[in-house]
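In what follows, chain A forms one complex with chain B and a second complex with chain C.
Moving on, here comes the complex of A and B:
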């Protein structure tokens, strides 16, 4: 009974139903979304990892890479130190030159690669082993390259391979693999040479990075791909199982060197993973493989310990043997997961609701605003009636007047009021299209202008909303001035679009959607302020100032200041990602976040005019 | 003839927008041509190119089983310059077809047939958009633009249907039937529109002449004209292809038997993939019967508003056709603004439109996850096509509800504005 009367109360109180309730609901959605994420590291919400693909059989084989191979390793190392770049004897070897230009910087290099043809295979499937000359941190990957060469010589002697093994030696971790993998699938730009030598469909890729001389302690596994795509969890699990179970080497992830499995450390690991996923840049040579649906990870030995290069070699041998067992492409396990420890994860079903709730809060507000413009005219009586299609009035001036009056009186009662859609629709879609301008600018200009452009853009962000708000309030030069209902409709459409884009994005890149959703959260609660000028002006100026702190360029400057990375570096990397890796984080920033933010500012700014 | 400046501005802007899009993003047409949401096996421009290649080399275009479109398109397109070296003329041809469609739509709107027909006069006549606004909704609809840029051959079927209706509302019943004949020849399913279109023509004739002609004879006459026009077009096709049965089975047989189960936005492909072969014929019959049954039901119930029957049927086709694409939805969305006066009576527009928006964003995303990223599967995309169909059906059901409510209010003026209760 209590519920029934509560519902009846709600129906009789439109102010509560259309204004207060959506605000409360939206706020709840955001809070629950964030709390949801914070709950994930708890044991009740996360799961122990497990190997889902039975064919992998991790650690079930004896790894023979020992003993005398070490002498070969030393020999190769000496030769490499003398800078003789040659593929190991007996392999088919080819080279590929490439060149990229981004933000006015040229990148060029030459990939060397060789293929071991599988004695038991038919060259329809292959595994890739990559050892770049420079690691992702720009160190000389001396031991990594040597190890790859030694393994190539060693693998050649075994008759058990049923998949070809391709050894790739790109000059650096940023461009080389991208050029190679693009050319492998014949999707390379004109500045990249095609590959003279190819094998079958790639089943998996392992990247070796061993840039220091001393023995190592643990294995750091990097798994983030471009645009937040992740490799199949089975590959990661296999690496952890082999390193930990078979070789007795611990595995780390996300640069968490001391992980005591506490709540804080788990959360920190998740958040680091989400940051990398959200930014969507390539974290290593393996990242370029991900867009082609090739699961790939980088293995980085870390720390001071007693494990030598032979232990790493055996790990890689065992991993290759596991991949060699595969009967079909890795598909059994999860592609969407958040790892919080090398043996604990949450799957998409558990974590997705948090981003969806945050995206949903915008949709809830959009629906509420739409209903409010139709059913309930707040503050100013007669607003909805006054806005009742000026077009129809001018078209049919007489004859139906009495009928019309009847309808209008009805409309103000219980049924739907007319909405004026043309201006809100045009404005919202136009502003989203304008987002292409900064997108183009920040991906095209030379790198030395990036810092200046960012600061100029902060200025533009201060001025542009005010200009737009002034134009809108004065009717855009057209005779009819904008009515309050249209402001609500503008907000409704903008939030609807934001909610739509973010929920779609959540299925592709959860972390990016979550981050943008949080940064946009204030936009739900921003409206045009009405009332006395003395109240209106200070509040809207203060609100605009606060909102400007949350504008895309301001956030970029803030983050750069906090992390100590120069703005130019970040934007150069971003432009490089756009040009070479096919990264689309910028599209989301400039065509989803920025327009929504701009419309929020315009609404707030319009209260000053 | 006085030139309507607003109309010229809208048409010009639509043309320039399309031209800008292909000049700024030269890869856009090819990208859209490859999208399953836009190009189905029966309207794909890529397949047309294949047919054209065979045709210009004197091989039967239906050899190879890729091309399934009407043969008369081939001589038409062989007149245009090669699209790979010079894509602009073909694109401009498609732009012009779009403008012709928009013009036909404006004619339909200006006739006022949607608010005031022989047997029906809407309650809210004053709430109405003029022809130019309706044409603008059509021309600036992203789905229309996508269809036009993808150079889908559905636009010719759309032209046939829109020209048929616009001729019917202007009283040129012969031209209306000829245009419908063209549309039916191209895509077969528009033939289902014959009954409501004949009713529309009949109402027009009855309104104009002093005494109404005999309805049975009128429908027979027009049925004969339609069959004659289709037969004429088929005759021309034989001249082109030579082998009559080969082309019949490759085009209409393909429509009827649905052998190609490439994903599209419709409901058939997944269903027939899952089906055991022994049930295939039965369910083909059921699906076609289901699609055709709407004609009888809607015609009987909404006899007083033949144009609304046509609109609703186009909505039904956009959901339940074997190879629907977004061009079918865009045709339905083009005719819906004619019923602007019903919008105040519709209850779920915002939800239906939100569902459509969600599915049009999530559809490509899930298709990407399925086909390219490999992290999703067919069910992802199928789920979204269900949401898309759900959104369209809600819109359809809601508009029919509004039309019925409008009729009911006319019959019971004293009950106007009262809330409906389900009994």
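Moving on, here comes the complex of A and C:
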């Protein structure tokens, strides 16, 4: 009985239903979303990794890359040190020149690559081995290149390849593979030469980085791709299984050199992975392969130990044999996962609700606002409370009556209100389009202006909402001034679009969606503040100040200050990503986050006018 | 009335055939691997190992149907081109010189397999692709691949169900295409595959129970794949080390007793109930009854009791012998009766003596024989005289 009446009360109480409840629900969604993510490292929510592709058979072959091959390695190393660049005999070799320009910086280079044709294969598939002359950290990859050359000579003598093996030697890890892979699929820009020599469909790629002289201890596996795309988990697992199981070399990921498998370390690994995924930049030469659905990883020997280049060579040999066993593209295992340890992961089904809940909080609020604007009873008190609004005195002068009482009193006579959609729709879509302006600016101007542009943009972000708010309150110069219902509608549409974009994005790039969702979380609870001017002004100024701390350029400056990376470097990298790698992070920032943030500021700012 | 008697006779005949003896006249083997792809190398090796064994024990290629869906020997991934090994020691190349694959590649389908068993094949299908077994044939069916509860996967997208297989064997029985059948299967949950069999004279055995996996035995790290499955490995071990010749007297009971769960890592199963006489009778069948090529000579129809069959003849001869002995006894009895009638009250001994009296009468003629000898001597003497006289006369001339 009590429950029934409680439900009836709830149903008959629009204040609760449309004002309080959505706030509570949205807040709960955010809290649960964050807590969910924090639960993931626990054993109950994560899973042991396993190899799901039967064909891979990791570590089931003896690797014979040893002994005399080491002499070859030394020989090649000497030759390379003498800067005599010569491909191993018997390989079909070709070169490719390319040139990129981004943010006023030119990038030129020449890829050298050779193909081992599978002696008994059908030349329809290929594996790629990449050794860039410069690693992702800009060190000379001397041992890596030498190892690749030695492996090329060694592989050439096996007759058991079912796929061609392509050895690529790009000049650096940023541009070379991108130019090569684009040209391989004939999708290269005019400044990149086409490839004179090609093979079959690429099934997998391994990048070797070994820039130092001493023996190593563990193998660091880098797997993040452009736009947060990941290689199939089977490839990563195979590498871990071969390195750990067969060769006895430990595997690290996400620069977690000391991982004691504790909750903190697991969470840290996940968060590092999410940061890289969210930013969506290329973490190595392997990243460029991912957009073409070619699974790729970089192997980086790390630490001081007793493993030499032969051990790395055997690992790569064994990996190549596993890839060689493949009958079709890697597809059995996960493409969407978060790794927390070399042998533990969570799959998309487990972690997705986290970002979805955060994205959902915006949608819940948007729907609630839409429903709320359908009642006269609800919109009027808002009008009446804001005494400086032109229409305020028209119906009920009840500035002292609390909103709830008003709502309840009006409830019985509540009718369906007509929504005035034109202005809110135009404003929201207009502001989203304006997002293209900073997108264009930050991807086009020369790199030396990036820092200045960022600071200018912080200023713009302070002023622009106030101008817009003033214009809105004064009727934008158009005949009819804005009504409070329209403020709610503006917020509703903005949140609806934000929720929609973020939930869609969550399935593609979970981390980016999660991060943007968290940064936008305050927008759910920001409304036009009503009440006495003495309360209104300080609150809205304070709110605006706080919101400005969460604006995209302010966050960028804050993060750069915290990590010690110059703003120019970050933005140059971002522009490069946009121009060369096909990175989409900026689009999300400027066309999803920034407009939503701007509308939140406008709403808060409008309470001052 | 006579019709009824004839019917009863026919029924009796049928019953007699039903309780047939172990006699069979030919051996056939159907060896099937059902999976393709390099990482299933071991299934091919399983089948080829068994192929080698049945050939060693005497079944000719013409009576072996070998189905191989993939060509591991020529796979580019094979580090030893042209070979297939079922052991990491690589002592025996299973793909050596004498191998006759009857169904290969995508010919290995469920349809082809069932058509083969039931002989529902076009006229133009060559003999090598036909199972030419008849009511006197012992058939060995060995299958291996990836399976599950009551199904076995064929190649990429097909599977054969336990009922399909049961019906195929049922039809084989109706068409008199086997005398006795040994069904062996090595796959995950293998024992579920023979649960639905219903036709008689089948012994079935599998590698693992419901919800159990079958495991591979070991991998060859140079070939880079597992090379044989556990159950098959230990079955082969028994066949290779114990059943050394086609004259082996080891029985199916011995073979099944050799299953060691601690080695096989799954629970192998055996089904006897379809076999007449059940387990007791089935265990007595020798291994070479199915794996070898023991050919019993059949005269017209070894099992039948029709007039003219060997059995009938032997029985007839035995009857005749009995008859003659009886007649002899009767005859002597009649003789004894007559002497008794001659010298009444005399004992049987005297009867026998008296019966020898005619022999005594012949002795009486011995005296006359001396006269005959005398005549003969004189004739010889006369001839000698003539010859001597002639030779003397001839010399003078």
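Quick note on the criterion: the second predicted complex is superposed on the first by the 568 of 609 C-alpha atoms of A that agree within 3 Å, B and C clash if a C-alpha of one lies under 4 Å from a C-alpha of the other, contacts with A are read in each partner's own complex, and residues count from 1 in each chain.
To be clear about the criterion, a residue touches a chain if its C-beta (ideal position, glycine included) is under 8 Å from a C-beta of that chain, and two chains touch if they have at least 3 such contacts.
Since this is a predicted model, take the numbers as computed values, not measurements.
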First, second, both or neither for A:134, with chain B first and chain C second: neither
Residues of chain A touched, compared between chain B and chain C (which is higher): B
Touching partner for A:496 - first (chain B), second (chain C), both, neither: first
Contacts of A:57 with chain B and chain C, given as first, second, both or neither: second
Partner chain(s) touched by A:314 [first = chain B, second = chain C, both, neither]: neither
Chain B versus chain C as contact partner of A:162, first or second or both or neither: second
Chain B versus chain C as contact partner of A:229, first or second or both or neither: first
Partner chain in contact with A:77 - chain B first, chain C second, else both or neither: neither
Chain B - residues contacting chain A, complex: 124-130, 133, 344, 350-351, 354, 357-358, 361-362, 365-366, 368-369, 372-375, 416-417, 419
Touching residues on chain C, where the partner in the complex is chain A: 37-39, 74-79, 81, 219, 221-226
Residue ranges of chain A in contact with chain B within the complex: 229, 291, 293, 329, 331, 335-336, 363, 367, 370-371, 389, 391-392, 395-396, 400, 403-404, 407, 410-411, 413-416, 418, 496, 500-501, 503-504, 507-508
Chain A - residues contacting chain C, complex: 54-55, 57, 60-62, 118-122, 158-162, 321, 324-325, 327
